[in-house]
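First chain written, first letter: the chains are A, B, C, D, E and F, and each begins at residue 1.
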Amino acid sequence: MPYVNIRITREGATPEQKAKLIEGVTRLLRETLGKNPATTVVTIDEVETDNWGIGGETVTARRKRGQ
Amino acid sequence: MPYVNIRITREGATPEQKAKLIEGVTRLLRETLGKNPATTVVTIDEVETDNWGIGGETVTARRKRGQ
Amino acid sequence: MPYVNIRITREGATPEQKAKLIEGVTRLLRETLGKNPATTVVTIDEVETDNWGIGGETVTARRKRGQ
Amino acid sequence: MPYVNIRITREGATPEQKAKLIEGVTRLLRETLGKNPATTVVTIDEVETDNWGIGGETVTARRKRGQ
Amino acid sequence: MPYVNIRITREGATPEQKAKLIEGVTRLLRETLGKNPATTVVTIDEVETDNWGIGGETVTARRKRGQ
Amino acid sequence: MPYVNIRITREGATPEQKAKLIEGVTRLLRETLGKNPATTVVTIDEVETDNWGIGGETVTARRKRGQ
């Protein structure tokens, strides 16, 4: 009954990509730790680039510089 | 001074229901553990069904199958 | 299939109190939002008083002052 | 490589204020604990006032009363 | 620069299993969303069975019943 | 009434350092966003190096290589 929270920047992940991510993490937990997929919960948070910082600056600022 | 985070799928919870949830959790923490309501914080995150997975698939996919 | 995380200071909550809290939150989610108890997950994090701050100081410091 | 999550009510924080917050927290972690800014991640969650409770009521209700 | 938090019950996961989980999630994020492994952070929280509830009861209680 | 969660590896942060961190973050939120220190909550999670991954490997493995 694991709970997994995945946080990424909101930059266009498609429903198909998110479905694959959920499927993949659930399978990984079964293969690695024997966790039951039926009670494995995965949530994905898409965070605005203004609200995500790394290296002391926002991702918005980094993207403007081409990073 | 507890902090409670409640995560549910975004499927139409009303402001009244959310207010009841906040009131109920705060009361429960006072009754069960003697926690001071004045400093009890409760946040509710409503997560898109595309971003919530259980059993290796999204809630969107489950809802389409009538689950 | 809600996920609830309750964070409290580690100050002697008993297994019985924690079981009551889990039972109470699960019931509240069913009564308020019709959520299925079978897939409602609740986790409790007990945080050391040195690691919890409010009003700009640790709970350890507050407890020493009798608060 | 710290990870910091800041949760505030959604009440008009500007991109400039959020950038300052990210910069300030990153600097604080370097000064206090010697953490490398390059791998310090900060995320900010802005939560609707209907979804934030304190003292057993929503922030929406408190704001209506002028608090 | 994704951030992933995996929460499992504390029931004997080995350092090798946890290392595999971290490696697997990081690879999955690269393959699914093109995320850079160098800045992908994964944390694992192992939660006591007294502090994890599902179906309104603790995992401790479930384990005693053989579930 | 912000809530801040700071996650660092468990590598010897002292109570004094943690108190400074709590004080500094609380002050930063007042200066940057005008948040009331009295209801600002900060929690610090210290995570074992076996349970923290970056670049697809655990911090334990990185430390062994001198990183």
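Methods note: a contact is a pair of C-beta atoms (placed from the backbone, for glycine too) under 8 Å apart; a residue touches a chain by one contact, two chains touch by 3 or more.
Quick caveat, the model's predicted, so the values are computed rather than measured.
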item	value
Touching chain C and also chain D, the following chains	A, B, E, F
Relative orientation of copies chain C and chain F, as a Cα rotation angle in degrees, nearest 5	120
Self-contact between copies chain D and chain F, residue sets same or different by half	same
Longest centre-to-centre distance from chain C, chain (CA-based)	A
Inter-centroid spacing, chain B versus chain A (mean Cα positions, whole Å)	20
Distance from chain C to chain A - Cα centre to Cα centre, in angstrom	25
Multi-chain contact residues (two or more partners), chain A	1, 3, 7, 25, 39, 41, 43, 45, 52, 54
Interchain pairs in contact, sorted by label	A-B, A-C, A-D, A-E, B-C, B-D, B-F, C-E, C-F, D-E, D-F, E-F
Touching residues on chain E, where the partner in the complex is chain F	15, 18-19, 22-23, 25-27, 37-46
Sites on chain A touched by chain C in the complex	1, 3, 39, 41, 43
Chain A to chain E touching residues, read off their complex	1-9, 13, 17, 20-21, 24-25, 28-29, 32-33, 35, 39, 52, 54, 59
Residue ranges of chain E touching chain C (in the complex, touch as defined)	7, 45, 47, 50-58, 60-61
